[in-house]
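Take a look at these structures.
You will see two complexes here that share chain A, one where it goes with chain B and one where it goes with chain C.
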Partner chain A sequence: MNRQISLLQSIVLGFLGLACFLGFWQGMSMSGLVSNIFLPSPLEVYERFTTLIERRFAGATLPGHLAASFMRFAYGFLLAALIGIPLGLLMGWYQLLDEIVSPLFDALRFVAPIAWVPFAALWFGTGIGGPIMIIFAGAFPPCVINAYRGAKFVDPRLIEAANMLGTPSRRVIMEVLLPSSIPSIISGLRVSAGLGWQSLVGAELIVASAGVGYMMVQGQANIQTHTVMAGMVAIGLVGLALDSALRGVERVIQKRRGLEQ
Partner chain B sequence: MATTVLGLIPSGRFPSPAETWSALVHVSGRGYGGGDLALHVYNSLRLVVMGFLFAIATGVPLGLLMGWSRRAEAFINPIFLIIRPIPPLAWIPLAILWLGLGDAAKIMVIWFSAFVPSVINTFAGVRNIDRPVLEAAYMLGMPKIRFVTEVLIPGASPMIFTGLRLSLQASWTTLVAAELVGAFYGIGRVLNVAQQDLYPGMILVGMVTVAILGWGTTRVLGLAEARALRWNTAALAAKG
Partner chain C sequence: MGVIQFKDVGKIFGPRDKGFVALKDIDLEIRDKEFMAIVGPSGCGKTTCLRMVAGFEDATDGTVSVDGTPIKRPGPDRAVVFQQFALFPWKSVYDNIDLGLRNLNVSSSERKKRIEAILNLMNLTQYAKHFPHQLSGGMQQRVAIARAYVLDPDVLLMDEPFGALDAQTRVVMQEELVRLARKNPRTVLFITHAVEEAVYLADRVAIMTRAPGQIKEVLDVASVRNAENWDSHEKIEDVMDLESFVHLRTHIWRSLREEKAAQHA
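Take a look at the complex of A and B:
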């Protein structure tokens, strides 16, 4: 237990692990045990990925679908941040608002974002409004919760000092509460982005006429497993890029505040 | 629900309490979308429980192994790193291609979504066990099996339960999505048919049912946790 291993060993073992995984996959699809239609080899998926970048499938190229997905994501995410962060801060500030909103919020928490799909489709259509609402449903709660926590855990001495100096509450919120909750808010945004991206994929599988999720559904309908897998790779890559971008922002802000662990 | 959203939403698309009540009566009596409410609930619950248990049965041991052996961690972690960024919902089309619209595809995606949190948290739980505890067990020459059942699992169990709670949440999200994409029975099926029929009351009934089921299963897990961790007063105190 806990026997330390050298860096070299861990790199070698890691490569071995990946090689086993990819080798097993490649072997399975080449051996003919599983039909190639249902289990294309990693190489075929890679090739499909590169062709999709140039050739249209289900109405657009892969970058085109990604752009459509990303647009929706950006709208939903920004909307969630613009409404969620102020709401969270205000809930942390005004006890009354907290008492009104919190129970509602707790009840809604158990509704999976994806369960909003039917209402989203009914209210905002399946074009751009519906998916945006689903992303919003996924990305909104972490924004509110983290802004709320940030505002609740502000050093009370700062607020007391501001109050003693007779600062109006609007200025306390903007100049004390907001700046000191920024680290918590940023972590919330990172969680939001992850959940929002995931909800978007779900929404596009069910209601959409463009986007990566839609491309995958079309691939599924045409029994093109390699297209579905290429879509999964693309979704994973974008998700990873989003997460590392926000992680970078998080680190910069923590460093600037001397909070680096 | 007495509020009507003015202008933004076309009238008749927002469920009124009366309509919701009649939808509830409709689905529990005559049935809707291929069966009555009990049948849909039974199907959804059964799939979530099966996928979830299957994920625990595979995920927790793998997490224990990765926490126990640095070699296993080095070997498995890179595979995880490439699979993890793919959201569970993105596996749905693949599952349908492989296994069709029946139960097997749903269990597969639920397994996938619940597997990752249970592995990661179990792994973190093992790594958080106090070193002296592990060293004492070693020094006393504890046999391997007893070491796993009496040191590793209890030591990691607070984190394991955190993982299970996340897994359970992920299971419900994935199930609803999978049933919305295509199913013969289940709450997702009710939601889907209601959407096509433009039946807001029924959609609300479906959503509330999902919320109640999610809340209920989380409660059951919480009770199991309280029982399993009775020895661990610190964990209970932290939960409040």
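Take a look at the complex of A and C:
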């Protein structure tokens, strides 16, 4: 059976899942089976979270750390999109470029962003450059892959239509390839934002000033596991917000094209 | 001008020695401002003929030319109307029609004038700001025809343009195309497998053999149409009831059936 689930039901079910999870977690901490350092209770984490919003820890409040992280993320993500999307489109359009770049790209994309940490620090320093490169390494592949797929799977008739209308070959990229790939590119950006944001903690392991990752490293050094957990919650919440924002953009574009469900 | 000429044209898909021979020795001339329909059994290569004029495919042998110039690439002098419309889904009706004119560097005031005229002619004025997905199939094909006609092309290439439409819409579109083609004559190459459509629309009908496709016979419909005064009948069904129409239709049917039978033999 395939019953439709209403919006209200899906919200209720989502909260039910969350409540079960938190309940189990709180139960585990209260049972005394595990020590608080090992597993801080949800309430402790919540309290720590609210405290961190107002009080400085490791040089900044939680919003301060988040802002620093988000700036780095934004630079890395934008750089990935600005280079990755045109590269992917061109690879999908020019066979020669595809043949040259694809093998290299396919091998490199399996190197986890975190593996770049030593070289990122060496090449771009631990200031703004290094972390941006690591976020870039995480965010770049989905941008390329989805733009490439979008360009490869353009309806060939639309290219023929553009050609017969006298569109010069280079302008076909802007007139047909790019707009036709937008849905694929946007879902690529969603994945890319997720991976870039995930790479953040790794990136901030080598940052010595501010950032959620940095805050968590300091928490770990001071054996404040609830601070580490609060950082994890903050990362999760921002990631969720980021994803819903991009999902919104995706929906608007699909609606304009008549692709909505 | 717009004279299309096929001279000893052959087309082989794949390697010359073991590829699929789609067309063989096609010799056909479509005169200026003539409406030529090509009918043939499915897979006979009739669409390939059109695609070679459009510049989407090369001829393996012989030459395809327009006004004596061999075709090298697609261009707005040979506008195409596709079976599946091929409108740009991210562009409004207006912008779909505009692209070709922009490519020709037509001034913006002139573009506006021409687009408004063609929208009016095709009864699309109120849909100018709509996106293709908001329109029915028949409306979308009107936009595609407008997009081709607005370029004022020498040659109009129509590849089973009404094949994807339902029967009623199809009849309306056929009547409109006749109206448009009489008012605004162009050299038209029209591919179809619907015999009645071909007889109703075309000045001449070329019948193709099964693959490898050759021209089997070319029928002069225009002389019959003029002699029997088909155009005095407004409705398509009235024309289709005329004895002279039925006679031509039956003749083409028999010819195609022979090909079909041979295909399966």
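Everything below uses one rule, namely that the second predicted complex is superposed on the first by the 225 of 261 C-alpha atoms of A that agree within 3 Å, B and C clash if a C-alpha of one lies under 4 Å from a C-alpha of the other, contacts with A are read in each partner's own complex, and residues count from 1 in each chain.
Everything that follows uses one rule, which is that a residue touches a chain if its C-beta (ideal position, glycine included) is under 8 Å from a C-beta of that chain, and two chains touch if they have at least 3 such contacts.
As the structure is a computational prediction, the values presented were derived from the model and not from experiment.
Of the two partner chains, chain B is the only one touched by A:4; chain C is not.
When the two complexes are overlaid on their common chain A, residue A:112 makes contact with chain B while staying clear of chain C.
Contacts of A:125 after superposition on the shared chain: neither chain B nor chain C is touched. Contact with neither chain B nor chain C is seen for A:248 once the two complexes are overlaid on the shared chain.
Between chain B and chain C, it is B that contacts the larger number of residues in chain A. Contacts of A:59 after superposition on the shared chain: neither chain B nor chain C is touched. Once chain A of one complex is fitted onto chain A of the other, the partner contacts of A:157 are limited to chain C, with no touch recorded for chain B. Contacts of A:237 after superposition on the shared chain: chain B is touched, whereas chain C is not. Touch criterion met: A:225 reaches chain B, while chain C stays clear of it.
Note: no residue of chain A belongs to the chain B contact set and to the chain C contact set alike, using the contact criterion stated above. Those residues of chain A lying in contact with chain B across their complex are 1-5, 9-11, 13-18, 21, 38, 107-108, 110-119, 121-123, 197-198, 201-202, 205-206, 213, 216-217, 219-220, 223, 225, 228-229, 231-233, 235-237, 239-240, 243. The part of chain A that touches chain C in the complex is made up of residues 155, 157-158, 160-168, 175-176, 179-180, 182, 256-259. Residues 9-10, 13, 68-71, 74-79, 82, 85-94, 96-98, 131, 134, 138, 147, 169, 172-173, 176-177, 180-181, 191-192, 194-195, 198, 200, 203, 206-207, 210-212, 214-215, 218 of chain B are the ones that touch chain A when the two sit in their complex. Chain C makes touch with chain A in their complex at residues 54-56, 73-76, 78-80, 82, 84, 86-90, 99-100, 103-104, 131-134, 147, 151.
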